Amino acid sequence: MQKITYTLAQIAELTGATLEGNADCTIQGIASLEKAIPGQISFLVNSRYQLVASGRYEKFLPTTKASAVLLSPLHAEDCPVDKLIIDDPYQGYLKLAALFAIKASPKPGIHKTAIIGTDSKIAASVSIGANCVIGNHCEIGEGTVIGPNTIIGDYTTIGMNGDIEANVTLYDQVNIGDRCMIQSGAIIGSEGFGMIRDSEGWKKIPHLGGVLIGHNVEIGANTTIARGAIDDTVLEDGVKLDNLIQVAHGVVIGKNTVIAGCVGIAGSARIGRNCMIGGMTGISDNIVIGDNVIFTGMSQVTKSITKPGIYSSGTSILPQKAWHKNIARLHNLDDIARKLRKLEKETNE
Amino acid sequence: MQKITYTLAQIAELTGATLEGNADCTIQGIASLEKAIPGQISFLVNSRYQLVASGRYEKFLPTTKASAVLLSPLHAEDCPVDKLIIDDPYQGYLKLAALFAIKASPKPGIHKTAIIGTDSKIAASVSIGANCVIGNHCEIGEGTVIGPNTIIGDYTTIGMNGDIEANVTLYDQVNIGDRCMIQSGAIIGSEGFGMIRDSEGWKKIPHLGGVLIGHNVEIGANTTIARGAIDDTVLEDGVKLDNLIQVAHGVVIGKNTVIAGCVGIAGSARIGRNCMIGGMTGISDNIVIGDNVIFTGMSQVTKSITKPGIYSSGTSILPQKAWHKNIARLHNLDDIARKLRKLEKETNE
Amino acid sequence: MQKITYTLAQIAELTGATLEGNADCTIQGIASLEKAIPGQISFLVNSRYQLVASGRYEKFLPTTKASAVLLSPLHAEDCPVDKLIIDDPYQGYLKLAALFAIKASPKPGIHKTAIIGTDSKIAASVSIGANCVIGNHCEIGEGTVIGPNTIIGDYTTIGMNGDIEANVTLYDQVNIGDRCMIQSGAIIGSEGFGMIRDSEGWKKIPHLGGVLIGHNVEIGANTTIARGAIDDTVLEDGVKLDNLIQVAHGVVIGKNTVIAGCVGIAGSARIGRNCMIGGMTGISDNIVIGDNVIFTGMSQVTKSITKPGIYSSGTSILPQKAWHKNIARLHNLDDIARKLRKLEKETNE
């Protein structure tokens, strides 16, 4: 592995933190409080707005083996090693982590094995990887990187500074804004699951809508987004989708909504802005979810929700024997409730 | 985007509808009643047999901005704009949408970058895209299109007029009928999750079965179908699978059964004909589901079902606090039921 | 299809079984007791440790059309055809099935269309398929096979005798042990879903951890494994993952744990050794699951589990009407329980 080295003095300057410790101490990597070894720096960040778990374990602070820790003034006293103190440890952490990020940006240019269709406009600073196949009438904006083996259909556009990774498939008529990240295996714009039954079986309807994706959108690995039957499927600015999510035809997802892995959203559902949808949640077709709604993981959402708030479903686990007993009762719960009502009446009489 | 233009008179003739309105009115696209703008045509279709949501919103008819609407005689009176009246609006809609479908069919021929193994028979009218790698002893029937970067193993066959899209992976011994659509990212014929535990750990068993797929089958994006351990995994004619579905080794899915996104079907389960399986449903291994069974979304199917009908499971959502309270009670439901029984006895005595 | 033929005498010798029947009988294939036809051999294996269903149907033994059956002495009496008797039918079955496995091993060598980066060490016996793109500073051990169209990032290593199949994507800094199988469509090492919210929206944090995979690990088709934000995501030796599983950033999965299809594991969860996790189970972020824990399918795991045992959740299916009634009651279960308590008090007074 490539080594990146800073002194604590350099890190303090680059992150805007105040150093209490050895300015000349050399740091060669970043790790969690629990796993860090001497020569590494760690950090302590806590927040309900934080979707990353690593590092938020305050309990590991007293015993950390890190050479230094970046943290807020609140925790400075409990830190047994050199400290980098900063008022906003989230921002400090972002800057700190960026120092150790080594992801290489490929050079601009179209790989000689890539195949580009006719009438497509590729900006000069675009990088297109090996074995990419790009269709006709496409547009790709400045600074965008397309990973190897990625397929792009006709009439598809990608904005500036996009990160379209390896093995992505974009069908025809997919329009993507600026600064979007699309991870490997994502499939965008395949025909939706819209069919009509006649006497012979199910007949596919043509899917004439496209997919419209705003700016700053992220789409995780192996996530699928179907094109609309008639109207476009839409992801507004700032939407973030994790891995293995299914977004069906005609769905609309509002600005800055984040969706965790393995969620399924059925056809033409509309989801508001600033929502947070827990992993493996299922959302029924054609329902409407308002802004600022939170679903915890594995929620079964079968009706529209207009009121902001946190919603949950599922039974959570029990030891199997207890579960069997209770679920058998659940399957007779209506009967139980009726018997109770009857008993109440009898007792009151 | 490419523009396709028709007059209303042309559309009436091509769909078999009766025009009430301006025969010379020019139509440049199709959209839903809600989103259509002047110059576009819309439609109104309602049916419980319809798996597409767009356009079925009767409530948008009075205020539509479409220049014309295709609909049944029943709704003609409520239509504020030019009308195309047709007895069977489903069929009319299929014909109408087809008029505006622009998906280009690639020309027959094998792309110069595609690699074809030995002893494989590729019919003359087949189109094979860039960077495809096709194994030995394969057969591909007339009119079939294989998208770019698709991989096909040995002894695999595909019938006529198939649509195998980009970035698909077909392993060895996968047999696919005529007129099948397989969307990007689908993986068919990988070894199933069949193992035997010994003292050292889990040992993979060889998977000797293949995958047998009938005619008119559709397989969605990133759906996975494992090969059988011994017998084939089977999808009968007319089966339609949405995106991100897992079909395990040795599963059999009956004719014309449709399965929505994110469903998981465990090893050797057998599913009947004409079933409809809602999204995110889980089906246990080795169980048998009869014909004409419907599962609503997120059903937990742990036992065989022989009787046709609609089955459901799941708790659906509640505000989180109420959910916590009720689920805590559910975890003691057997106890609650016993107490009620005791109380009933005491009261009756 | 290629034909493989043995006499029963040969099979007896190669599997270590005792033949009771016609030594010269010719066998051309293997099939389940239910589906076998004359000329084929079948087998009977039963065990709770067996994750494969085919062939374990004792009820089909009396009517099987197989020419011979491999089975334990316990079942020999009930076998109506030639028998191959063996004390450990699991091991016998593994040997038997291996006789009929025809999967061809590709020859060593790097396909002329493959692209290999600088400073990567590819062992002499490695086979690299067409259109592979391999990054810089990689290492691939002896005997490993890389299927066509697979992408490998920088600083990624793969041990000996690995089976990395077609259309796989390995990002940078993924370290894989010996004898691992990675099926098509798997995506390993994409950035996790770690973000921090500020006034403008969600901001991605850099993901500096890698993915660390032990020996004898299997990863199914279209399964996704995110890299860690800080520490590595870890799969210990002998871990087996089925298809369409999501493993989030920083997750640790212990030795010999097996996970069935469509499971989702959220960020930084830690799962013990020798666990068995049923399909479509969801595991919350940051929780800890001990060794020897079994979750049945669709379990909703929202809290840590330290005690070994079998745990379950979910409601299982009911006819839709009954389900509606019972779930409506579940949504008032706390109220029902309170009323019961009140009634108990009144009755006791």
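Side notes on the structure shown:
In this document, chain identifiers A, B and C correspond to the written order of the chains, with residue numbering beginning at 1 in each.
Going forward, contacts are C-beta pairs under 8 Å (C-beta built on N, C-alpha and C of every residue); 3 or more make two chains touch, one makes a residue touch a chain.
Here the structure is a predicted model, which is why all the values come from computation and not from measurement.
If you sketch which chains touch which, every chain touches every other chain without exception. In the Cα superposition of subunit A onto subunit C, the rotation angle, rounded to steps of 5, is 120 degrees.
At the interface between subunit B and subunit C, two copies of one sequence, fewer than half of the residue numbers in use appear on both sides, so the contact is built from largely different positions.
Per-chain Cα centroids separate subunit B from subunit C by 25 Å.
Residues of subunit C in contact with at least two other chains: 113, 131, 149, 167, 185, 222, 244, 262, 280, 314-316, 318, 330, 332-333, 336, 340, 343, 347. Taken together, the subunit B residues at the contact with subunit A in this complex read 1-2, 30-32, 34-35, 47, 49-55, 90-91, 93-94, 97-98, 100-101, 103-104, 113, 129-131, 147-149, 165-167, 181, 183-185, 216, 218, 220-222, 237-238, 240, 242-244, 255-256, 258, 260-262, 279-280, 297-298, 314-320, 323-324, 327, 330-334, 336-337, 340, 343-344, 347.
By the touch criterion given at the top, residues 113, 115, 131, 133, 137, 149, 151, 154-155, 167, 169, 171-173, 185, 187, 190-198, 201-206, 208-209, 222, 224, 226, 228-231, 244, 246, 248-250, 262, 264, 266-268, 280, 282, 284-286, 295-296, 299-303, 305, 309-316, 318, 322, 325-326, 328-330, 332-333, 336, 339-340, 343, 346-347 of subunit A touch subunit B in their complex.
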